[in-house]
Every structure is written in C-alpha cells, then in structure tokens.
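So, here's a batch of structures to check.
Each of the next two complexes has chain A plus one more chain, namely chain B in the first and chain C in the second.
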Partner chain A sequence: MQIELRQHTSLLRIGMAPISAIFAALILCSALIIWAGVPVLEAYALLFKGAFGSAFALKETFTRSIPLIFTGLAVAVAFRSKFYNIGAEGQLYAGALASVYFGTGLVSLPGYLMVPFLLLVGALAGGLLLLVPVLLKTRLKVDEVVTTLLLNFVVLLMVSYLIEGPLRDPMAMGWPQTASIVDEGVLPTLMSKGRLHAGLIVAILASVLIWAVMRFTVLGYEIKAVGFNAKGAEFSGVKINRTVILTALISGGLAGLAGVSEVAGLKGYLTLDLSPGFGYTGVAVAMLAQLHPLAVIPAALFLSAVYVGADSMSRAVNIPTYIADVLVGVSVLAILVSVMLTRYRIKWRK
Partner chain B sequence: MSDLLDILLTAGFWAATVRIVSPLIFGTLGELICERAGVLNLGIEGIMTVGAMSGWMWVYQGGDLWGGVIFAASVGALFGMLHASFTVYLGLSQHVTGIGITLFASSLSYFVYRMLLPSATTPPKIVPFQNFEIPILSDIPLFGEALFNQSPLTYLALICVPVVWYVLQKTPIGLAVRMAGENPVAVEAQGIDVLAVRTGAVMVGSALMAVGGAFITMSWFDAFYFGMVNGRGWICVALVIFASWKPGKALMGAFLFAGLEAMQVRAQQSAGAFIPYQFFLMLPYVMSILAMIVMARRAQYPQALLVPFRRGERV
Partner chain C sequence: MSRLSFKQITKRFGSLIANDSISLSLGEGEIMALLGENGAGKTTLMNILFGHYEADEGSIEVEDKVLTPGSTEAAIQAGIGMVHQHFTLADNLTVIENIILGTESLWSWRHDLTAARRKLMEMAESYSLAINPDALVGSLSVGERQRVEILKALYRGARTLILDEPTAVLTPQETENLFITLRSLTAKGLSVIFISHKLHEILAISDRISVLRRGKIVDTIKTSEASRSELAEKMVGEVVTRPQLEAMQPGAPVLTLAGLSAFGDDKLPMLNNVDLTIHAHEIIGIAGVAGNGQAALADVLSGLNRDYSGTLELHDKTLTDAGPSDFVARGIGRIPEDRHVRGMIGEMEIWENLISEDLRSAEISKWKIIINRDAAIKRAEKLIERFDVRCEGPQAQTKLLSGGNIQKLILARALSPEPDFILANQPVRGLDEGAIAYVQEQLFDARKRGAAILLISEDLDELLSLCDRIAVMYQGNLSEAVPTATRTVTELGLMMAGQAIHAN
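Coming up: the complex of A and B.
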C-alpha cells in the first residue's frame, strides 16, 4: 500500500469531504440500528423529522447548535495553530461561573450593557483558564492535551463545590444550583415561542469575526503559519510563543462564551449538567468544518440535529439515545480519512 | 499530622492503595508501550471504558471471569488496531484520532450496555474476582496483608511491570519497538516492517488498557456505571510522562497516585468537616498536572513520537 500526494486538490473534493464523511458515519452506524431491530431508513427518517420536522424541532436544533458553534470555533482556532485545546468543556464552565458570579446581583447595569458585560467576563474566564496550560506549554514544554483534559475534571469539581457552597441559591429548595441571572443580563429569546435565544446571533457574529481575523489580519496569518510550519514561521520572524498564547486566549474565550450563552440564554442559572459534553463535541464540530470558522456553523447545526433528532427518535422507536454520541465519534474518525483522501491517494500496488 | 500517621499505619489504607493502583498500572503500561513505539494513544479513556463494559458484560451474560478478561483485552486490541490503521498506516493526526477513538469507544460501550440492558435502573451486579490470599506472605503485618491478599488481576498487574520492562529492554522485539519510536528509518534499514511493529505495540498496549478498565468492573466494583473510568485514562497519560517512559518508574508513579487517592478517601472522613469533599476529589487531577510540570524539563520523549512514518519518504 502506498500513499501518494495528489498533484491537485479540487475545491469540489474539499467540499465533498465532510458530506462523504457524514454519509460514511450514517452507513456505519446503521449496523447498530439494524441490531436494535429498527428499519434503517425509517430510523433516520425519524431522526431527520425530530431535528427539522416542525417549527419546534427546528428551533430546538438551532438552540442546541449555539454552544456547539462556540466550542467548535474554540477548537478550530486552537487546532489551526496546532495547539490542542481539548479543554473547551472546562472553559465553558469557567465562562458560566463568571456569568453567574457577576450576573446574579453583584453588578447592576442597564440591559444593553449587562449582556455584553457578562459575555466579556465569561470570555475572560475561559481565556484565563486556558492561560494555565498555554503558559505551561510555552514556558515549561508541558503537553497541553493532557493538562487541558485534566483541568476539565478540576473545573467541574470546582463548580460542584461552588453550587453546593458559596454560590448556592438558598431559594432553590435544596437543589445544588446557583441563583438566576438578573433580568437585565438575560439574552432575549428571538421568537415569541420556543427557547431560541440571541446567543445564536452572538455565535454567528463570533464565527464571522474569527473568519475575518484568520483571513485578513496579521494575527490570523501568524496563527496559520505556526500551525503549518512552526520552524518556518519562526525563521520569518513570527514570535511563536506570543502567537500560541494569543490563540489560546481567543480559543478559551470562545469556549467561555458558550457557557455564558447557555446560562444567560437558556437555563438562567448554573447546575452541574449545564453541558452534556459540548466541549468534547466541539472537537467533532471543528473537524467536520475542517477548522474553517464559517463552516463551523453548518457543522454545529448538523451535530445538534443529530442530538435533537436522536432524542426524538429514541422516544419513538427502541434505540438508545447514545446512538447520537456514537455518530459523533464515528464522524470524527470518518472526516479524518475523507480529508486525507482529498490530499492523498492510496495506491494498493506499486 | 497524627491523623495522617494513623492512616498510614492501617492495613486498610495499604490494601486500598494496592487495589486502586491496579487499573493505573495496566493503563500506564499500555500507554507506555504505544508511546515507546512512537504512537500517542489518546483513545485510552475510551478503551478503558470499553474494557470495563465488555469484560463485565461477558461475565453478566454467563461467561467466566478470566474469559471476561480475555474478551476485554481482545476488544481493546481491536480498538488499538483501529487506532493504528489511522495513525500508523494512514499517518493521520494522533491527537484527533485518539480523541475520536475515545468518543467512539465510550459511546459505543454505553450504547451496547443500554441495548442489552434496556430497563436496568439499578445497575445489575456480577460476582467479581475474589481476593486470593497467598499463604505465609500474607501473614506479614501491614504490607503482607496489603500486597498478598488481593484480587488475581492485581497480581497480574504487578507481574506485568517486570514483564513489560524485560520485553522492552532485553528482547529483540522490545528493541524493535523502542527503535520504531526513536528512529524508524533505522528499523526499516534492518529489514523490519516499522508499520507492523507500531501496529503490534498499539494493539498490545490497548489490550492492557482495556484490562485496566475491566479491573474496575470485575474486581474493584461489581457493576458497570456510566462515567466510571472518570479521567483515569488521562491520568495514565500524565503518568507515562512522569515516569519518563520507563516501566519501573511508572509503577512508582502509579503507587504514588493510588496512595494519594486512598489517603484522600480517608482524609475526607476526618477532615471532611473543614474541607469540602470536592477538593479531595480534585487532588489526583491537580497532582497529575503538577507531576507533569515537575518532569517536563527532564522528559526524554521518544524521538519519533507523533511522527508518522511513510516508507520510502525522505526524512
């Protein structure tokens, strides 16, 4: 078996990569659906209907895609510079913590300032949390993958302590949760019915902004250069450590925004089950988007549809909801192969 | 301080340490073998989960305990093969593949568990491995009881350490594995297939990780819970760095961590009134990060770790 670089990679191939990966994942997972004894096409039709079939379903899919856009962006930016931030889950909770710390009465501002303020402190909290692994990496060469992963557990335990202790809402009938965000800090809902909130607009703006930064600014160029060839970038005068630290601040900040938007837009308060692994799913989002900031939006929508659709499918037929997580895992692996096939071809014989 | 001494002098503490250390030893040795061959295996967390589920399920479906261990190891090796075909044969990103394997393996475990036990609200139990008392040695006070009255899987873990060391350091296969992680071109020049060596190492390593997971459900506890591995895989990855990729040091590191965790559980009972329990639970994760900080400067990474090898390509 020989792997050969293609002379030319067409745009069509690049565009087809995630679509073929998704199809591959759906086909592979149909084995599990057959095992569950449900006709495959019917199951996927149910999934599709559950995600897009009604106005309610559509709103749920969009609502659920908001944190995934943020975490997907966070991972995409970081991976662009080959800084492997797998800690978006922890940074999401850091952002959420900051928003309930400042947003439950400590600070009072008018509505048009309060929401941006909460977004700002949330982003700062996420960025500051990621500052620890990035400084350990640039100063002491500690591998960031393991530190970011381990910090997820530390942050979650910290949240558990805070919502059972200092930040616990005394009015919550003994449930471990924080008090609610003040009215001025709540992200308004976009439609009269349903839970879809203004976090979506923030998320889309963030995607466009990150795309512009990556495309038109020196910083974006440097981030890509460091990821593409760190040694080469250094020779041409890019300060690698500075670039990686800035990347990390942006990445952590984006993940922090996911936490703020979940708290201020959806739940209102912070509990331990704020995120069912949005941070980890962010890796899948970013990979499906091939690390492109604008492509993160459809990728997040697709994975959110998988989750929302799988929920409703498993209520209708007897398939465990974990099928959604399996689909996410398989898509990560499938996209790796399909992206590779855009750049290389496999020759089975010499 | 006297509380601490009291803890250190109880046989229960040492027995708990030796129990807790077993999955860490399996996981750390498994990761160490993969990385020695030049492949970072971040699938470890998922592979431990799938090992925990499949070993337990084997026994729950009527199989015997050792059959369950072998089954878990085979499933682990299969996931290792998947990892290797991506990272070794196709040369794809080891980071992303590993995360993908973890997502896939753990969600598949939960899916299979729910498929086979759709309505189980309280997790059903199996009869786990019973402690096997080694005569005479287990009569030694304190340490004897801790070390020689344990589950057979714990003995297996302890035996694996010198075996892995011996194979890596003293046999031609071990040399090939280490060279594949240091200088694959030289291995190729010897006429040895680098890709096969790496694949073999990842499969064996993944099998060990899965047995580590199986220990949790088949010996430590007797049921499978969701989120049971709980970051132990990531701690093992940190331990490999802490151990500078050496099996003996890995054993020491694992014991240090297990001791800390056993201590933490006991300290919660005496100091729990002043310090919230979450801070005790944080200790292993924080210590893993600290351990990596301490060792990072001295870390002797295998030279070809993370570098895919393509035959015939110039370096």
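Coming up: the complex of A and C.
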C-alpha cells in the first residue's frame, strides 16, 4: 500500500469529506445498536425524529447548538494558529462565573446595555483565563495542550468552591447554585414557546465576524501565516508571540461567551452541571468544520442533533444515551480520515 | 567486462516521467559520471538501483545477474554501496560502531568488535583511508565523515560505489583527497558512479560521462573527448550564458558591521567580533564550509536575531532592536537560505506571499487592519509578469510552484522595493542553469542601481564569478574582505579549513 500526495483536490471532494465521514460513522455505530438488540434503521429514525421531528425537537437542537457554536469557534480560531486550546470547558465556566458575579445585582444597567455588558465581561474572563497558558507557552515554551486541559479541572474546582460558599444563593434551599441573574441581563427567548434564546443570534454573528476577520484582515492573515509556517511568518516580520497571544484572547473570549449565553439565555444561574462537556465537544465541532468559522454552524447543529436525538431515542428504545458520545467520537475519527483522503490518495499494490 | 548495466529503465511519477528508458553500463574499475541538472532524474535512477524505488519498466543486471527490484538488501548483496549527499551516520556512536551498525544479527548476544576492527583496519590500509575507529563520529570533520561512509559501504562488500553529489559539503582540498581515494579504489577494481552537476569536477575525475536531461540520456562520452562547453550545452539543452560582472566604482558605505558577536542556543559564540563594510555598487561574498557561522550572520542581517553585541549600521543609523519588518521598511532586502521554510508559506496563495513583508503599508492595508485584496492581487500580477514567474496566476497555491519559480517570487518580494542593502543567502542553490543565470542577473541589476549586496555561498566558483570582494568565514570568525582577484581557489580552500592566510 502506498500513500501519495494529491496535486489538486476538487471542491466537491472537500465538501463531501465531512458528509461521507458522517455516513461512515453512522454505519460503524450501527454495530453497537445491533448489539443493543434494536433494529438499526428504527433507532436512527428515532434519533432523527428526536432531533428534527417536531417544532419542539428542532428548537431543542438549535438551543443545544448555541454553546457548541461558541466553543467550536473558539477551538477553530486557536487551532488555525496551531495553538491547541483544549481548555474551552474551563473558559466557558470562567465566562459563566463572570456573568453571575456581575449580573446578580452588583451592576445594574438597562436591558439594552446589561446583555452586551455581560457578554463583554464573560468574554474577557474567558480570554484572561487563557492568558495564563499562552504566556507560559510564549515565555517558557510550556506545552499548551497540557496547561489548557489541566486548567479545566482547576476552574471547575474553583466554581465548585464558589457555589458552595461565597456565591451560593441563600434562597436556594441549600442547593449548590448561585443567585439568578437580574431580569435585564437575561437573553430574550426567540419564540413564544420553547427555550430557544437570542444567544443563537449572537453565536451566528460571532461566526460571521470571525470569518470576516480571518478572510479580510491583517490579523487573520497573521493567524493563518503563523499556523501554516511559523518560521516563514517570522521571517516576513509577523510577530509570532503577539499573534498567538491575540489568538488566545479571541479564542478564550469566544469560549467565555458560551458560558454567558448558557447562564443568561438558558439556566439563569450557575451550577456545576452547566456544561456537559461543551468545551470538549467544541474540539469535535471545529474538526468537523475543518476549522472554517462558517462551517462551525452546521457542524455544531449536527453534533447537537446527535445529542438531542440520542436523548430522545434512549427514552423510546433500550439504547443508552452514551451512543451519542460514541457517534460523535467516531464521526471525528472518520472526518480525520476523510480529510486525509482529500489530500492524499491510497494506492494498493498490484 | 561490465559490472553493472541498466536496461531500458523507465519510472513515472503520475504524469511526470522521471526516467525515460535509460540504458547504461558501467565497466570494472571505471568511474562513470552522471551529469545533469536538479530534477533531471539522476537521483531517481540511483534510488532504483539501490532498491528505494521500483522501476515501472526495464531491469538492472549486476555482473550478468538480474537484480531483484525494490529491495535494498538485494542491492547490498549484489555489492552496491551508496554514499548519500546527506550522511546517514549516528553522531553519538564511534566510527566502528557506525560501520557495523545493521550488519550484526539482532539475536546475537554481544558485539564482536575485535573481528570487525581487524577487518576495518585492513580495509583502511589497503585503500589508504586513514581513520581512527574509536573516534566519535560527531567529532569528525565533514571530509572524515564522508570517508566513514565510504568505509561503511566497503565493509558491506561494495564493489560498486554510488556517490551522490559528494563534493557539495567539501572544501577544495577535501575534494582533492576524495579524488585520490576514488582513484585508489578503482585501481583495485571497484567501480564508481559519481553524480554531480559541477562540470570541472566531473572532467577531473571520471572516465566516462553520461548526460541526463529531463529523464533521458542525452549522450555518453569519454571524458578525454569531452569539453566543458559541450557538456554544459548538453546538460541544459541550450546555451545559457551566465552574466558577467562589470567593473564598477564602489560608492558610499551602506551597511557597516562593527565588532558583531552573536550567540547560539547553547550560549557558544556563533559569530566572533565580525567587522565588515559593504558599499553601494558592491557585492561581497562570504565563503565557508556550511556551519561556520554563516547562518548566524544571516539571522542577524535579516532581523531575526536581535541578541547580538556590537553594532549594525545602515547609512550611519544603528539598527538596534529592529525586527524583520523594520529591516524591510528601512531598505533591506532579504533572500533566505531555505526558500521553502523561511522564504514562502507554501499553503498560502502567491498574492498573499507577495504582501507578507509590508502587510501594514498604506498600499496593502486600510488603517493597517483590512487587507486591500485588489491592490495585493494587482501587485502580484505585476510582479509575476516582471519576474517571469511561471504559474496559473496570483491565486495559485505557492507550494505547487517549482523551486526556480519560488525563488523568483522571493526575488520579486525582496528586490521590487529597490532595497539599499541585499542579503542573498545561497540564492542559487539547487536551481537549474536558466534560473541561476536569472538570479545572478537580478543581483547585478541591483548592484548597478546602487545596492550593496552580501552574498553567502558554499560554492567558490559562484563567489569568484559574482563578487567584487570576498571574505571567508571559519568558526564564527570573518577574514578581511579582499578583492576577489587577489585570492586563489587554493588559498580560499585553506582559509575555509581554518588556516590563516595573510594578505601580502
């Protein structure tokens, strides 16, 4: 077997890569469904129905995609400059923490200012948290995969302490949760029924903005240049450290927004189960989107549909919801293979 | 009797035909030179012989037996030894350990060093290849390492040696020693295939010359009947004349280095108190064996390394604390040594690479934030036209271009702003004749316009034909730059090996 570099890759092939990867993942996972003793097609039909089959299901899928768009964007931007931020989970909680700290009465502003203010402090908190690993990397060459990943646990323990102690809502009957943010700070819902909130609009705007930055600006150019070839970028005069630090601030900020939007749009207060791993799933979103900021939106929707659909499926038939995690994991592996196949072709020896 | 013969070897890579039905034979005790430009198919052919590749068509016979294709083991068994351009030795092992590496069974309990040592010393003596078997390879000079490579091949029973561009890393004296070794080997009946693109070396050492061009054998001639100009024409396919250096009065000083010292990662000095003044209308050449501080000098002069002591002045203004962008903005054009790593970002499009040095200029970006794509593409179109870059257009991916075209892009970026000082680090390495002539012409044009140029090269011929003055770098020390005509190749070679030559 030989692997050869392709000279040209057609756009069709690039577009088909994630779609064929998803199909491959569905086929591979059907083995587990058969094992669970459920007809495959029925299970997938239930999953599809659970994600898209009704107005309620659709709204749930979109609602669940909001934090994934933010964390997916956060990872996509960072990975573009080869800064491997695996800490979106921690940055999400940092953003959420900032929003409950400032949004539960400490600051009072009219609604049209309060929401942007909370988004801003949340983004700042996420960005500042990531400043620690990025400075360790640029100053001391400490590997950011390790620091960003481990910082997640530090932040979670910190949150755990705060909601058990200083930030615990005295009216919460002893439950470990913070007070609810003030009404002016709540992201409005988009439709009369259901939980879909204005965070979706912010997320889509963020995607478009990041896309524009990457495509049209000097900063976007520099981020790409550093990611493709840091030595070449440095020779041309791109300031590598400055670019990586700016990238990290943007990335952490986007992950922080995920936390604000979950608190201000959905839960109202902060608990330890605010995120079922949105930060980690963000890595999957970004890989599925091949780091393209606009492609993050459909990628997030797909993964969110898998989770929402699997929840609903597991209620109908006897398949644990863990199938969603397996499906997402296999999808990411399949996308890595299919992206490789867009760049290389495999030749079998005669 | 023929030691080795290629029969109608053809090898294709996609649509490219790297070797087009090549037939050759090598006699016993013969040195055959394989001459051709980069990409002519020399290395591919040797890789087929050594089993790295399998030919699509044709076969190879060694001593009248067909060689199993695609097997390095079979090639070694058949007595073929290869000395690669980049040595394949482990620096942290001794000579003897390197030589027996891979010859012992994995299942044997211990080294049998005594027998190996005896065999090695016998070989070294009979071929007069003096070597200390217990020296660490890392402590040897480049010439000695090459000797170890040759001994390693002989130890494995090689009767045919392939040498791929063996002189690229040697000083002229080391080259002369290599030639003596090769002659003593052939006197004992060994055969040698000598791959090179340097005409005078091939004329000096070979018995027969085969010229390859675009995958085909153009001609095979006896060296005694060959002439330099005829070979050059056969190799390139047309008569390419390199530009000649016109005499010119040097102008005012442009760049002055005084007491410049720089340190490597291990805090060891890489540059030691270097003084140099380069004037307008002047090309100064830096000769030296690779790794003697040229890279450190280039890093300082391209703005990458600010951690130096001493002064660096451009037009009487010091360049303290300036980075690459300031260097470019102040009128320094830089041609980096490694065009694929430093020079261009392969994944980006051509127009993007052509704006990388002045992203925040008024021409290229609005408020230093938004890139003016139209202006950038217009610039790329103009430069592609002016520097004759063969490509599909400004939006082609840079890494798809050939080496020569990538170098043209680098020239376009570095030279089009008409810099006062130009750092050209190995600007023609690995290029074909046409591209070499083009690059040299561009440098001469810049010199005529009034630029001061520093040319770093490992090729003495190139330096002698291009430079007004020449200096030699050895272990971070730079000799005085003297008019090129006052130095002979022998003197330069001795200086490259560390001997002080005093101007008389």
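Going forward, the second predicted complex is superposed on the first by the 349 of 350 C-alpha atoms of A that agree within 3 Å, B and C clash if a C-alpha of one lies under 4 Å from a C-alpha of the other, contacts with A are read in each partner's own complex, and residues count from 1 in each chain.
Keep in mind that, in the parts below, a residue touches a chain if its C-beta (ideal position, glycine included) is under 8 Å from a C-beta of that chain, and two chains touch if they have at least 3 such contacts.
Being a predicted model, the structure only gives us computed values, none of them experimental.
Chemist: Answer with clash or fit: chain B and chain C placed together on chain A by superposition.
Modeler: fit
Chemist: Please indicate which partner A:Gly237 is in contact with in the superposed arrangement: first for chain B, second for chain C, both, or neither.
Modeler: second
Chemist: Rounded to a multiple of 10, tell me what angle the C-alpha centres of chain B and chain C make at the one for chain A, in degrees.
Modeler: 70
Chemist: State whether chain B or chain C is in contact with more residues of chain A in the superposed arrangement.
Modeler: For chain A, the partner with the higher number of touched residues is B.
Chemist: One more residue to check, A:Val326. First (chain B), second (chain C), both or neither?
Modeler: After superposing on A, A:Val326 lies in contact with chain B but is clear of chain C.
Chemist: Look at A:Ala225 in the shared chain and tell me whether it touches chain B only, chain C only, both, or neither; answer first, second, both or neither.
Modeler: Only chain C is touched by A:Ala225; chain B is not.
Chemist: Report for A:Thr217: first if it touches chain B alone, second if chain C alone, otherwise both or neither.
Modeler: Touch partner of A:Thr217: chain C, not chain B.
Chemist: In the overlaid three-chain picture, which partner chain does A:Gly165 touch, first (chain B) or second (chain C), both, or neither?
Modeler: Once the two structures are laid over each other on A, A:Gly165 reaches chain B alone.
Chemist: For A:Ala36, using the defined touch cut-off, is the partner it touches chain B, chain C, both, or neither? Pick first, second, both or neither.
Modeler: first
Chemist: Closest pair of CA atoms, one in chain B and one in chain C, after superposing: how far apart in Å?
Modeler: In the combined three-chain model, chain B comes within 5 Å of chain C at the C-alpha level.
Chemist: For chain A, which residues lie in the overlap of the chain B contacts and the chain C contacts?
Modeler: On chain A, the chain B and chain C contacts do not overlap at all.
Chemist: Using the touch definition up top, name the residues of chain A that touch chain C in the complex.
Modeler: 4, 7, 216-219, 221-222, 224-225, 228-229, 231-239
Chemist: Mind pulling up the chain B residues that touch chain A in the complex?
Modeler: Result: residues 42, 82, 86, 89-93, 95-97, 99-108, 110-111, 114-115, 118, 230-231, 234-235, 237-238, 241, 276, 278-279, 281-282, 285-286, 288-289, 292-293, 296-297, 299, 310-311 of chain B touch chain A.
Chemist: What residues of chain C sit close enough to touch chain A in their complex?
Modeler: Residue positions touching the partner: 14, 302-304, 323-325, 327-328, 334, 336, 341-348, 352, 356-357, 359-360, 365, 368-371, 373, 400.
Chemist: Within the complex, which stretch of chain A touches chain B?
Modeler: Those residues of chain A that touch chain B are 1-3, 32, 35-36, 79, 84, 86, 136, 140-143, 145-147, 149-154, 157-158, 160-161, 164-165, 280, 283-284, 287, 318, 320, 322-323, 325-326, 328-330, 332-333, 336-337, 340.
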